[in-house]
Structures are given as C-alpha cells and as structure tokens.
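What follows is a set of structures for review.
Common to both upcoming complexes is chain A, partnered first by chain B, then by chain C.
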Partner chain A sequence: MRRYHPLTVVKHLVLCLLSLAFAGPFVWVIATSLKASSEFFSPNFLPMDGLQWENYTQAFVTYGLAHNYFNSLTVTVAAVGLGLAIALLAAYGMFRLRFRFRNTVFVALVVVMMMPPQLTLISQFLLFQKSGILYSPLALILPYTLGVLPLSVFILRSFFKELPIDLDHAARMDGATDLQIVRLVLLPLSVPVLATAGILTFIQTWNEFLLASIFVRSDWATIPVAVANINNIATQDGNQPMKFAAVVLSFLPLFVLFLFLQRFFVKGLASGGVKG
Partner chain B sequence: MPKISIGISAETRTGWRFLSPAILLVLAIAIIPALYTLGMSFYSWNGLSAKWTFVGLQNYRDMLGDKTLMQAIRNTAIFTLANVILKPAAALCLAYAIESVRLTWLRVTYRTIFFSTSLISAAIAAMIWSFVYEPNVGLLNRLLGSNHMWLGDRDLVLWSIFAVGFWQFLGQNALILMAGLQSVPRELYDAAEMDGARTWGMFRFVAFPHLKGFIAIVVVINIINNLKAYDLFKVMTDGGPRHASEVVATHIVKQAFEKGELGYSAAMSYALLLVTLVLVVIYLWLTEFRKEEA
Partner chain C sequence: MVGPSGCGKSTLLRTIAGLEDATSGEIVLNGRDVTNVAPRDRGFAMVFQNYALYPHLTVAENLGFALRLAGQPKAEINAAVDRVAETLQITDLLTKKPRQLSGGQRQRVAIGRAIVRQPSVFLFDEPLSNLDAALRAQMRVELAALHQRLGTSMIYVTHDQVEAMTMADRIVLMRAGLVEQQGTPLDLYNRPANRFVAGFLGAPRINFIPARIAAAGWAELASGRRMQIPAATLAPGTEVTLGLRPEHFVVDDTSNIDDSFEGKVVLEERLGRETVLHIDAPDLPLDPSEQTHLVIQRNVQSAFSTGDVLRFWFPPKRSLFSVPTERR
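What follows is the complex of A and B.
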C-alpha cells in the first residue's frame, strides 16, 4: 500500500471542502430554481414537490429572456468580430512593420484599459445622443469593440513576436500586398490565438453591466440587465424561484462554452496576461 | 501628396493605414470623451440646462469637504487593499496545491470548479450572493442556523461584499499563476530535489522566483479592477446601509445621475484614474527595482 504524506492528505481535504464551498452557491441556485413558488420558504435544500421546469419556460418566454439572448448575442458577436479584425490589422502595423509610433499607441491602449468606465460614461452618453445612436445597439457595440482591443492586441503581440518575420518577407517577395500578407499568411496562422482572444473577450462583453444599463432601453437590454430587472419584477409578482431560473439561464451558455473550449482559456490567460 | 511622403518611410505609412481603424476607435470612444470629461470637470453643470458655469478647480477642492466621498475612499481603500493582498496570496496557495495534484482528471475538475465562478457577470454574482446572504431564507443563514444581516450590518457589509469578489476571481487569479507554475522547467525541480530540497524549499527557491512576473500581473489586475469595482456594490447594496458600503465608483455615478452634479462627478473620475495610474506605476517600479537588485 502507498503511504501518503500527512500534508498531502490535508491538501486534498482542503481542496475538496473549498471546491464544495465554491460550487455551493451554484448548486443551491439551481436547486431553488426548480422549486415551486409555494415551496420557496420551506427549509428543504432540494425541491420536494417535483421539478418545476415551468420556471424556466416562464423566464424564457413570459419574461422575454429569449429576446435578450438575441440582443446579447448580436451585440457581443458584432463587437468581438469587429474588435478582433481591428486588433489584427493594428497588430500587423505595430509588430510586423517597422512602425515608429508603436510604443505610443501601445501605451494608449494600456491606459484605456485602466480607465474607470465612469470617466467616459457621461461624455459617451452625450456623444451618442448628439450622433443619434443612443438607445440603438451601436451605442453598445462601439464601446464594447474598443473593450476587445487591449487584450486581443496583447495576445497577438506575444504571438507575432515568436513568428519569424521571414514569412512576411517571403510573401512580399512573391508579390503579396500588405493586406494579402495579413489575410493569406498571418490570419490562418493566428486562428488559435484569435480564438483565445475571442473567447475571453466574448465573456467580458457578454457580462458587461454598467453601459448596458444606461446606453440602451429595454428593447435592446442584454442578459445581465434583463435578469436584474426580472429580479425586481419577480419579487413583486411573488414568483421567487423564477428569479433563480433566470440567473441560471444567464450563466449557462458561458459554462457550456467554457467546458468545450477550456484549453484556450488557460493558454490565453497566460499569454495575454503576462507578456503584456 | 508626394511632399508628405518625404521623410516618412513607406513602412511607417503602411503602419498608419493598418492602425487607423484602431486609432479612430480609441480617439472617438475613449480619448475624445475623456478630454470632454476633463473639460467638464472645470465646470458646474447639471446635465440638463445649457448653462455651463466655469468654476476652475472648485470641483477638485470640493472633494476634500465631501464626507460621503471620504467614507467611499476609505471603503475603496480597504476593499482594494484586502483584494490586493489576500487574493493573490490565497491564489498562490491554491495554484500550487492544484498543480501538485497527481491525478489529471481531479486536477482539471478542481481547476474547472474554481475558475467557473469568474465566467459569470459580476452583476449576476451579486444577485446570487444577495440570495445567499438573504437573512430569512438565504443559504448562509440556513447553513449556520443564524440570522445575521450580512448586507444590513454596517460593520459586516464591506466584508460580505469582499467575500463575493474573492469567490468570483480567486480561481481566475490562480489560473494565471498555474500557467506560471507550468512554465517552470522540470529540470529545476529535479536539480533542487537532488540538492535535498523539500516541499517548502521547492516552492521558495524554484517556483517562487519564476512566478514573480505572474504575481505582478495578478496584483496589477486586482489594483485596476477593484479600484473601479461598481457592479457588485450597485446590485448588492447600492452603497448602503447609510454609505457603509459606498465606494468611489458608486459615489461618482450617484453624483452624476441622481444629484445632477456632472462636473463634480467628472472631477472625481479623474482623481480615480490618477490614483489607479500612480499605484500601478509605483507597484511596477518597485517590482522591477527589486528584480534588478536580485
């Protein structure tokens, strides 16, 4: 029989208990989301009166979360797609060409990342109002696209640094234009890092709350804001478990995304975070 | 225009072309609004009337006499300090513990569970924990058999909210450090073992020096994100009870949208950015400095 070091036993015990504590709130929220309204105040941890899947259909259909999914998806996909394209072009200019102002632009991006959103919130509000895009999805897509840039540029930077510059030279020798080099040489090679940047910024964009609660009205409300609203309404309507169902629906897509694409996260957090 | 092209290399010109979408976006959505806010901070303006009254530095001076702001600064400082010290330290232990789990499936399971909390929106995390903290039917009081007002107690509320942020981002911090641990060359451990190093020695003399850059990143992320933390506070308590959990970010938004003090709110935003920049620069300078010494 193998003998275990006492420290190893303690480690496993602590990890086990701690992970239970971390998963606990999720499990409890899911369990409560399947309770009947009448059962909400009972001390049982699990639903005893049968699983009330209606809570989910109610949140999804009656309270219109389906529509908010569409909003979130539209805004997020547009911002991430646009942001990655702009980041790829910028990264080519900064890290594949001898561009004199690369450090200036890079520092600007870092400062943008540190800005508290409150700093630009009101000015953006006025700007969008003046240009007539306030309360339209563009009012979210534009700032979200900007939000995609810093992390994507960091990740592309560390990738482009390791990629031999001879690739570009060879393509140029063959008569490729700069745009063709990006499209035909660098883009295919960058797919894995772009996927990483895309997933990380997808989550960040999907979860944004402050701008989403101010720049659009209920017709373009995204998931976090809509769930916050349902949270208030359901309390008045007396349908408590349905609030929990709405919360579960808000994080479910991201959990699924994470489970399938886990490896991109670990790599991305490492490269994007550290070498930046 | 051939005249302009003299002195600017073709590559720099192409560079500008490729950077122009990014630069346009940064200018239009960040720099110009930020400058507009800077201008606003020298005026008194309620956001509705056309009348802007120039007040010079008065908005900045007003901060000193704002009792709620002082309370908010105190809370923000405590919250950020707690996050910057406790979270990376705990994340380091967690990362080291998880990385040393031998069974791959168990290691991946732990990683997944701890990281999963950082996938959700801070606003949603705040809602989940509002349910957990609910005094009568909430999970926490049920488990403890108590009836604490976790969010209603002035002495407790800041720490109740801190726990949520800790729960949400501990796993993310640990994951970054795990990436660092994975980059430590295997041979270094073997060499240390040969020299008779035990668990602690391995950590202290092999892993830790390698992790310094990664720890710096985790600390900087915590400084930036916690100084501007808003969603948690907004959704859970909105600064209450009686400003006990007011932070600078919630105070800024309230001054703008509830009080209509846009100029004052702008001035505070700038003070917040300045503090963030200074802290990050000081921290990076200190860690770089130490690296040179070593």
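What follows is the complex of A and C.
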C-alpha cells in the first residue's frame, strides 16, 4: 500500500476542513429548503419526511419569484452588456490611444469608483424622478451600468497593457478605423477577459439590494428584494423551509453561470500573434 | 535607416507611417504633403519587429485583413491571398493560426500582409531582429530579391550595420535623433562624414589613432612616430584622429618601409576565410576610450599565433582622419 508523507496528510486534512466550512452552509441551506415545515426545528440535518419540492414551486409560482427572475435577468443582462461595451471602448481610449490628460481621465475614474453608492443615492433619486424614469427598469439599468464600469475597465487595463500596441498599429496601417480596431482585433482577443469581468460584475449586479429597494416598485422588484419580502411573509406564515428554497433559487443562476463560464478563464486566446 | 538603439530611427519610421504625429516639419510623398493624412490614406504598408499578426485570425485572414477592410469582394481577396502565399511559399500555412507558426514563418506572413495591399512604400521596422542568424541571412537575400521583383520603395530600419550595408541602395545613418550622414553604403564606408559614421560602419571596427598634423601630408602620433596621411589643408599642430580600417593594413615582414610598425599578437580570431588579429603596438597608440588593442584583418588563414611579433604598415591613401569637431 502506498504510504503518504505526514505533511501531505495534514495538508489534506486542513483542506477537507476548509472545504467543509465553505460548503457546509450551502448544503445546510439546500437540505433545509427541502424539509417540511413541521420538520424545520428538528435536530435532523437532512429532511426525513421526504423531499418537499413544493417549497420550490410555492416560492417560484405562488410568491411570484418567476416574475422577479425575469426582472433581475433583464436588468442585470442589460447593465452588464451595456457596461462591458462601454468599458471596452473606454479602456481602448485610455490605454491604447495617446492624448493629453489621459492619466487625469483614469484618475478621475478611480476617484469615482471609490465613491460609496449611498453618497449619490439622493441625487440619483431626484435625477431619475425629474427625468421620469424613476420606477422604470432604466432607473436600475443606468446606475448598474455605471457600477459595471470601474472593475471592467480595471481588468481590461492590465490586459491591454500586456497586449502589444503594434497590433493596433498593424490594423491602423491595414486601414482600420478606431471602431474597427476595437471590433475586429481587440474584442475577439478580449473575450476571456470580458468573460471574467462579466461574471464578477454579473454577481455584483445580481445581488444589489439598496438601489433595487428604492428606485423601483414591486412590479420591477429584483430577486434580492423579493427574497427579503418572502422572508417576512414566510416567517409570518410559519413556512420556514420555503424561505430557504427562495434563497437557493436566488443563487442558483450565479452558480450555473460560474460553472458554465469557468472554462473561459483558462482559455488563453491571446497568445502567439506576436513573438513570445 | 540605421543607427544605435534609441537613436530615433523607429520613431522616424512610425512618423512616416503616420502612427506618430510630427511635431514639426513635413512628410512629402511624391511631391504631396502627407503630414496630416491618416495612415490608411498614405498607401504605406508596414512590417513590425514582433510581426504583430492578429492572433485570433488564420494566416489567410491575416493576409486578407486589409482587403477585407477595404471592402473588396471575397473572391478577389482569396485570389490575392493565394497569389501572395505562393510568392512567399506559405500556401500550406494558410489555415493555421499565428501561434502554430515558427518565427521565420510568422515573419513571412507579416511580409505577405504588407505585399498583398500593393503599397506605394514598404516600411520595415527591424523585421529580422527576432530571427536566428542563419534564417536572418536567408531572409535578407529573399527581401532583396523581393525588392527587385516588386520595384517598390522600401524603408528599412535596422541597428545591424551588416543589414544596412548589404541591403540598402541608400543608407541614412542616425544618432540621437539626428541624421549623421546619408548616401550609398560605400559612400558612407569610404567617405564617412565624421568619426561616428566611420566607427559605426565596418566590422571589425575601425581603429582610431589620436595624432597631430606635423606637416602637409604627415601626422605625428602620440608615440612621436610620424605617419604619412592624405594631404590636406590643415594647419600644422591641429589635433586630428586617424581612422585606419582593419582590412587595409599590410602585414609584411620583409618590408623595409620606414612607415612600418611592429606589434605583438595578443589575440587571434580565426574566422576561416579571414583572420582578425588583436595587436599590442606601442608605436601606434590608440584612443584609449575606444579600444585597447589595434585590430588588423587579414584575408588569409593567418600563420601567426598569440605572442608572435609582426611588422605591418598602412597605405597612406587609405587613412581617414577627422579633426576634433568630428567633421571629416
């Protein structure tokens, strides 16, 4: 039988404990979401009375999470898509072109990035109210788009600094305009980087609660707001496991997205075009 | 355009290309001022040092990129790409991506991308500097042949004086952002405008000997010896630097010429067809800031070895000299 070095054994033990610490709460939430109401306070970790899938249908249909899914998807996809497009163009301007005050623009971006959203909350509210988009999905899409920008620009920045500028010059010599350089050369090369930025800002946008609870009404309520509501209702109704089902439903899309996009991280598309 | 690293030759090339803005002066192409014309409207094509192939496109797509941007029909693009690929013998690479190619193959594709547009001028930015020596020599010949066949003007930037000497019709030699001299390669080699030009061109490097004009046609060396030089109208007493090309020395043990010097071989580089001798010659003191030993090149397989003493002389007509102002 193969013998293991004691250190290896210890290392694996520590790793197992850590994994348990991280995965434990998830498993607990999922397990609880499938329990019957009566079983909620029982000491059993796993549901013993059979799996109560109706907790999910109740949350999804009766309490209208389906509709909130649609809202969240609409707002998040629009904001991330728009944000990445703007970030790509902004990063091109700031890191691939040369002009006066280029660094000033970048510093300004960093400053804005450090501003907490609470600071601009009231002015944004008034602005949206006056322009008539308050309570419409635009009232979320616009600030969320701005929220996508800083991180995406930062991620693109390090990528653009690595990518040889001669690629742009070659395209320019070949007759490409600025937009063509972005669309035909930089965009295809940036796909893995954009996927990274997209997944991170998707999570951030999907989970946003503060603006979502203020700028729209229940017709455009997103998942985090809806889950908070269900939390209240379920507590009153005494249907605790259904609350857990709602929580599972709220992070399920992110989980699936991550599993799906994980491959993009390892795929290094941008190699071999220049000497390396 | 040739010159040491950082002398501004690449910047000049990029300014010609339109990738850098000219802060002053103008760029004239066939009598037309193109200083403020966008790069794509100048009709130039450029080959970059690091090839700058589009990594996400196949070789064929790389070659046809400019034509695609110009809105040419697909059939025409394919025909042009095939033609160029055949010229450069890269037809079997057309479906590959740049990362699957070797350095030499990438270089060919980069050149092909320039050719396919049929530009009015080719701009090369040190295109061979990433290749190994053998491939570089081969590509040098191919580029020269390509130039002959296409008959299109090529501006070629290099820091390698061998490339400059062998490939150029005219050389522009630059230093610190300024043009030091321009002309045919042999012009620059035989009649350098100043000490820098004389020192930059030629391998092994020219020997610099500090001296003073003693009389018309004679210079006095630091050792007190006199040496005959081409007659010039410099006042006696003027400090000059003599430039003696290594290949112009005559090694002759039997000669009784007054002008001959004696020296001891300290190092011998046998290059096969020729031999480079590094010599310690106290009678012929060198400029110590430039070199420590006199260098003599012999176009024979030398019979000397380290420690041998030999006699040599230098034909007066061959010496180049410059005064401290650095002009010839």
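Keep this in mind: the second predicted complex is superposed on the first by the 254 of 276 C-alpha atoms of A that agree within 3 Å, B and C clash if a C-alpha of one lies under 4 Å from a C-alpha of the other, contacts with A are read in each partner's own complex, and residues count from 1 in each chain.
Keep this in mind: a residue touches a chain if its C-beta (ideal position, glycine included) is under 8 Å from a C-beta of that chain, and two chains touch if they have at least 3 such contacts.
Since this is a predicted model, take the numbers as computed values, not measurements.
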| item | value |
| --- | --- |
| First (chain B), second (chain C), both or neither touched by A:239 | neither |
| Chain B versus chain C as contact partner of A:149, first or second or both or neither | first |
| Contacts of A:174 with chain B and chain C, given as first, second, both or neither | second |
| Between chain B and chain C, more extensive residue contact with chain A | B |
| Partner chain in contact with A:189 - chain B first, chain C second, else both or neither | second |
| Partner chain in contact with A:55 - chain B first, chain C second, else both or neither | neither |
| Touched partner set for A:166, first chain B, second chain C, both or neither | second |
| Residues of chain A that lie at the interface with chain B and also at the interface with chain C | 269-270, 273-274 |
| Chain A - residues contacting chain B, complex | 7, 11-12, 14-15, 18-19, 22-26, 28-29, 32, 40-41, 43, 86-87, 89-90, 92-94, 97-102, 105, 108-109, 111-124, 126-127, 142-143, 145-146, 149, 153, 178, 182, 203, 206-210, 223-225, 227-228, 231, 243-244, 247, 250-251, 254-255, 258-259, 262, 265-267, 269-270, 273-274, 276 |
| Of all residues in chain C, those that touch chain A in their complex | 14, 17-19, 39-40, 44-46, 48-56, 65-66, 69-70, 97-101, 103, 106, 113, 117, 130 |
| Residues of chain B touching chain A in the complex | 9, 11-12, 14-19, 21-23, 25-26, 28-34, 36-37, 40, 47, 94, 97-98, 100-101, 108-117, 119-124, 127-129, 131-132, 136-137, 139, 142, 167, 170-172, 175-176, 178-180, 182-183, 199, 213-214, 217, 221, 224, 227-228, 230-231, 234-235, 249, 252-253, 256, 262, 265-266, 269-270, 272-273, 276-277, 280 |
| Touching residues (chain side chain A, partner chain C) in the complex | 164, 166-167, 169-176, 180, 184-185, 188-189, 269-275 |
